[in-house]
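Next up, some structures in structure tokens.
In the two assemblies presented below, chain A is common to both, partnered first by chain B and then by chain C.
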Partner chain A sequence: MFRSFWENLTIKQKLAITAWLFLAIPIIFYITIRFYPTYEAFYVSFMKWNLLGAKKYIGFKNYIRIWGDEDFWIVLWNTIKYAIIGVPISLLISFTVAYYLNEIRFGHQTIRALYFIPFLTTAVAMAWVWRWFYQPMPIGYFNIMLSWIGIPQQPFLRSVEQALYSVMAPAVWAGLGFQIVIFIAGLRAIPKSHFEAAEIDGAGRLQILREIILPALKPTTIFLIIISTIGFLRIFDQVYTMSEDSAGGPLNATKPLVLMIYDFAFDEFKLGRASALTVILFLLLLFVSILQLWLARNRYAKK
Partner chain B sequence: MQKNEIFLEKFDNINPRRILTWTLIFIGGVIMVTPIIFMISTSLKTGQEVYFFSLIPDKITFKNYIFVITESKFGYWMLNSLWVATFSTLSVLFFDSLVGYTLAKFEFKGREIVFIAILSTLMIPTEMLIIPWYMMSREFGWIDTYWGIAFPGLMTGFGTFLMRQFFMSLPDELIEAARIDGWSEFAIWWKIAMPLVIPALSALAIFHFLGNWTAFLWPLIITNDPEMYTIPVGLASFNGEYEMNWEIVMTASCLATIPTLFVFIILQKYIIKGIMLAGLKG
Partner chain C sequence: MEEKLKNIKLYLFSIFGSLFIFSSISANAVEIEYWQYEYGARVEAIDKLIANFQSANPDITIKHTYFPYADYRKKVAIAVAAGDGPDLVQLYYGWLNDYRDTGLIQPLPKDVFSHDDIESNFFKMVSAMKADGDYWGLPTAVRSLALFYNNDLLKEAGLSGPPETLDDMVNYAKKLTKRDGSGNLIQEGMAFDGGIGQTHHFFREVLVRHFGGKPFSDDGQKVTYNDAAGAKALKYLTDFEKTHKTTQNGFMNRGQDAFAAGKVGLYIDGSFRISKFKKAEGLNFSISELPGHNGTRYNFSSFWANALSSKAEGAKKDAAAKFLKYLTSDEAMQIWLDTVGELPAKPSVALVDENKQHPLYGPFIRGLDYATATTFVSEKPQRQSIVDAYDMVVLQDVSPEDALAKVVKKEQELFDDFFGN
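Right, the complex of A and B next:
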């Protein structure tokens, strides 16, 4: 029965059936593990729910509560600060290193490895190392080094002003290697003829940088800006590990959105409000992604 | 002598500017690994010596390592991380490339929709799914199980997209020829197409394994039993317990980091190439 059915099919039909067979398990996976949970996150964001009791529809109340929550605005501003300060600093450093590292032949691989290794580390492990560096005298190496040059002790993680930057530093540090490798790939992809033409025209180093390298690296730069912006907006591991007393402290000074979501959901069991926060995070990331498409539109239009 | 000659030949246009550049970039590189070096050095120090700033311990001791391995559940965490990351990576290699291949090399109605649907999952942040995933896991009893830790990452939109790009660049004639020879579709994919995209597969494997090895948020939520923790969750649990014993914390951090560094040293060429590949295609 099956055999004769199969043999009566055209090749095209057979291939289509094979394709759907190959896709069957993945489609089930994507529906149950990706799409249905996405729907559920939106759904629960309109509910009042504490995990144990029944869900109760409360309309936009979760969102209204969040809007009226002073802490939310602090947390949102922290999250944005991680991104708008962390991204330019890391891209500036990684581009500078990539630009000069690309010219180096002697020991190129070894030096590149030095820059790249932090990217392979576990964020939680390195957060511990940095947290140790930030300790007061006589433990913390940063304060010890500051004392050598006569600068007074700094509180770092214990200060409302400095904590956010102290947490940001290891995140920047760990991301540089990836950005440098991508920038070098971008630099290598620029056709040699462009440089030769510029040299014949008598262009100086700075002029080549400005008129050839930077424009050619635009797609690479946009890609890195978006990837690292999204990374900083989702920062969590470092903050969670480096907080001295309560996670996100002192006084919420380092708390990002993801940590607030975690606290609401798994500490206070306000799952409705936590879901509403995840929707807000989603919209924030969506905005950044759309920005990328808009910035890169010329690239796609040309192709 | 000979080495020097080659060195000089390479650098016939050596000049102060180049030497300065090299020196600065080299120093920058050394600064980059300093935290890792100090982590290793402190893990080899005794408790009292931690309070002295020094790179090389006066007396190298492995006591901290013995302490971490025997007194904490680090052995469990290591095995859990290894098992989950391996299982998840194998699943991703199999399914992402199967889906990528199907979307690249089969023509059928609905292909575009499936592709766009899978691609669109890249827009959904994990953080939005963790609450539904957690609810699901409670329902089905997946909390504190390997399956519970691993299930969200068994297939990825990124890997599917990457593999599709690579399979698209394979010539159709190859597949046609195998079809005429009577190969099954599965065999064509597994025995002909897969070996041709090994560079992409290894890049994907390295990315996914590393991502799993360092993953924190989801394992933190899905595990309560310390024997089920992965390495990052176990490390975070040192908060409060060994907080003031920095040499112990550094030792555990070393144990978490050193395996990946070894893998990197062995596979450096492939890893860098893989990153460049994925970065340019993505």
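Right, the complex of A and C next:
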């Protein structure tokens, strides 16, 4: 029966079926390890569940409790701070480095590799090293260096005000390598003729930067903004490693959403509440991505 | 060629032969899994106990699994939830309610562990493992707190003998603190790690009681340390960092590391820390009972219990119970004390003169007499309460009263959730 069905098909249909057979593999893969768990998270977010017992439907109670939890608002604000401060700083540094690195030939490869290595290093190992850098005297390098130039010791990770930035620093540093490489690729893709034309017209360096390089790098920049915003909104390893007891302290000053999800899920076994938080994070990421894509599209339309 | 064939035949024969022998053994053999966290001496002790047990019970095999403490709770929970994991598991007594509530463990069978036997032979604090009329686990060893002090630093500061009262301890701490020319701390008089380590226990069960309060109501359902006594206790604790400046959270990583490096005068910890300090080169330390106040002494005791996971059934459950019986025998307790340095869980083994007068274990064992074990609803968030209260006072200049009011409100919500109020 199958044989006769197959033989009655046109070549076009046969090709389509063959193609779909191959495509089915990644589709099934995605459905089982991506979409199904995502669906499950939405489902569990309306349940009370402790991982072992039966799930109990409780409506929007998880969301209501999250709304009324003052820690959630601190944590949400922390998460946003990581992104809105971390992204511009890291893009500014990586663009500056890429811009100058692109101009030099001598040692170009070595310097680029040096910037790229942190990106390849395990976040946890790196965060541990930074954690030691931030220690008070006589161990912490940063405080030792400050004392050389006569600046009083800083508490860094032990301060409610400084801790978030202290955790952000290694995260920015680790992301630089990737961003620099993408920026350099973008810079190299600008046709030489543009620069030659500008020179003939007598444009200065700043003008070339403003009128040619930055507009030409817009797609690259937008790509990096989206990628690194998502990265910072999902920050976890650095905080988990660098805060005392992995608690996101002191006094929740460094705790991001993902750590809160992790604590609810695997310390308190409140899977429902944790799922509700993942849904919130999902919506936040979705909103940011759509917003940025929309902004990008608008600008192109104007040009 | 023929030679080769012969070899192959022999080879196959031996494989099938051994398979046959193996299967005939495993027909009535039971293999159970024992899980604990990774800590050199504990692993060594359990290996020793398993070897002893297996030679007495050849039909039972015990697979010993251990991994870093950081992931311990999560791995156990996830493994048991997935129908995998240990038959017999070690858990911190403060996690009992968590574990019971999530169905990770089952009650001990009454026919093997009679309540009369437990209640007349073990230390009173083991009752923390009793809930809903059942015992849910038993310890091999218990712990208490004591004061470690650095003999050389005390001598250098002209102090003889350890501080005997809370007020003494402050004076000692001030005399033992050293700073360099620009005012940076180079030696801690008395080290505390914010609220982590044993500090939160010391606060709850020792300081609060010394200043006339009680951490929790008698029925265990109300958090009661946010009163005048609690505030005094929190002030006493935070003053070491804030006012007397004899300690700095994070100095040389942790108090125990700084003490091991000979940079701390006084430090409070459990008996399990002895082995670390014994290995520290050039460290000359002694141990005394925790200082008293107004003529009384308090202490905190805790323990890791062995419990049957909900996964263990039938023959495995019987085998696990049998091994647990051995783990809580007098012989196992003595092996544990000698290998790990934790105190036997039965007075009959612990409170013998030889142990009570022991220069290192003695102060801990004497402390068991007046020690209380906190009944936790959930240890981690309750520890976080003390850590946060400490940080509010030290980092944000909040008054002890306000700090306690804030954290206790949250802790009470946790209790209300648990007790269903």
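As a convention for this text, the second predicted complex is superposed on the first by the 280 of 303 C-alpha atoms of A that agree within 3 Å, B and C clash if a C-alpha of one lies under 4 Å from a C-alpha of the other, contacts with A are read in each partner's own complex, and residues count from 1 in each chain.
In the analysis below, a contact is a pair of C-beta atoms (placed from the backbone, for glycine too) under 8 Å apart; a residue touches a chain by one contact, two chains touch by 3 or more.
Just so we're clear, the structure is a prediction, and the values are computed from it rather than from any experiment.
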**Message:** Taking the superposition on A as described, I'd like to know which of chain B and chain C A:K218 touches: first, second, both or neither.
**Reply:** neither
**Asked** Is A:R65 touching the first partner chain B, the second partner chain C, both, or neither of them?
**Response** neither
**Request:** Applying the touch criterion given at the start, work out whether A:P250 contacts chain B, chain C, both or neither, answering first, second, both or neither.
**Result:** second
**Touched partner set for A:S159, first chain B, second chain C, both or neither** = second
**Prompt:** Is A:I139 touching the first partner chain B, the second partner chain C, both, or neither of them?
**Reply:** both
**Asked** Which holds for A:T18: it touches chain B only (first), chain C only (second), both, or neither?
**Response** first
**Asked** What is the contact status of A:V44 with respect to chain B (first) and chain C (second): first, second, both, or neither?
**Response** first
**Message:** Just to be sure I read the superposition right, which of the two partners does A:W128 touch: chain B = first, chain C = second, or both, or neither?
**Reply:** first
**Request:** Give one of first, second, both or neither to describe whether A:F269 is in contact with chain B, with chain C, with both, or with none.
**Result:** second
**Asked** In this superposed model, does chain C or chain B come into contact with more residues of chain A?
**Response** B
**Prompt:** Where on chain A do the contacts with chain B and the contacts with chain C coincide?
**Reply:** 135, 138-139, 266
**Message:** Which stretch or stretches of chain C touch chain A in the complex?
**Reply:** 70, 73-74, 77-78, 80-81, 98, 101-104, 182, 184-186, 194, 196, 248-253, 378, 380-381, 384, 387-388, 391-392, 395-396
**Asked** Any idea which chain B residues touch chain A in the complex?
**Response** 7, 10-11, 18, 21-22, 24-26, 28-30, 32-33, 35-36, 38-39, 42, 50-51, 53, 95, 98-99, 101-102, 106-109, 111, 114, 117-118, 121, 123-125, 127-136, 151-152, 154-155, 185-186, 189, 210, 213-214, 216-217, 220-221, 231-232, 235-236, 238-239, 246, 249-250, 252-254, 256-257, 260-261, 264-265, 268, 272, 275-276, 279-280, 282
**Message:** Quick check: in the complex, which residue numbers of chain A touch chain B?
**Reply:** 12, 15-16, 18-20, 22-23, 25-27, 29-30, 33-38, 40-41, 44, 97, 100-101, 103-107, 109, 111-118, 120-126, 128-130, 132-133, 135, 138-139, 141, 144, 170, 173, 176-178, 181-182, 184-185, 189, 220, 223, 234, 236-237, 240-241, 258, 261-262, 265-266, 271, 274-275, 278-279, 281-282, 285-286, 289
**Message:** Please output the residues of chain A touching chain C within their complex, sorted ascending.
**Reply:** 50-53, 135-139, 147, 153, 157-160, 244-247, 249-251, 266-269
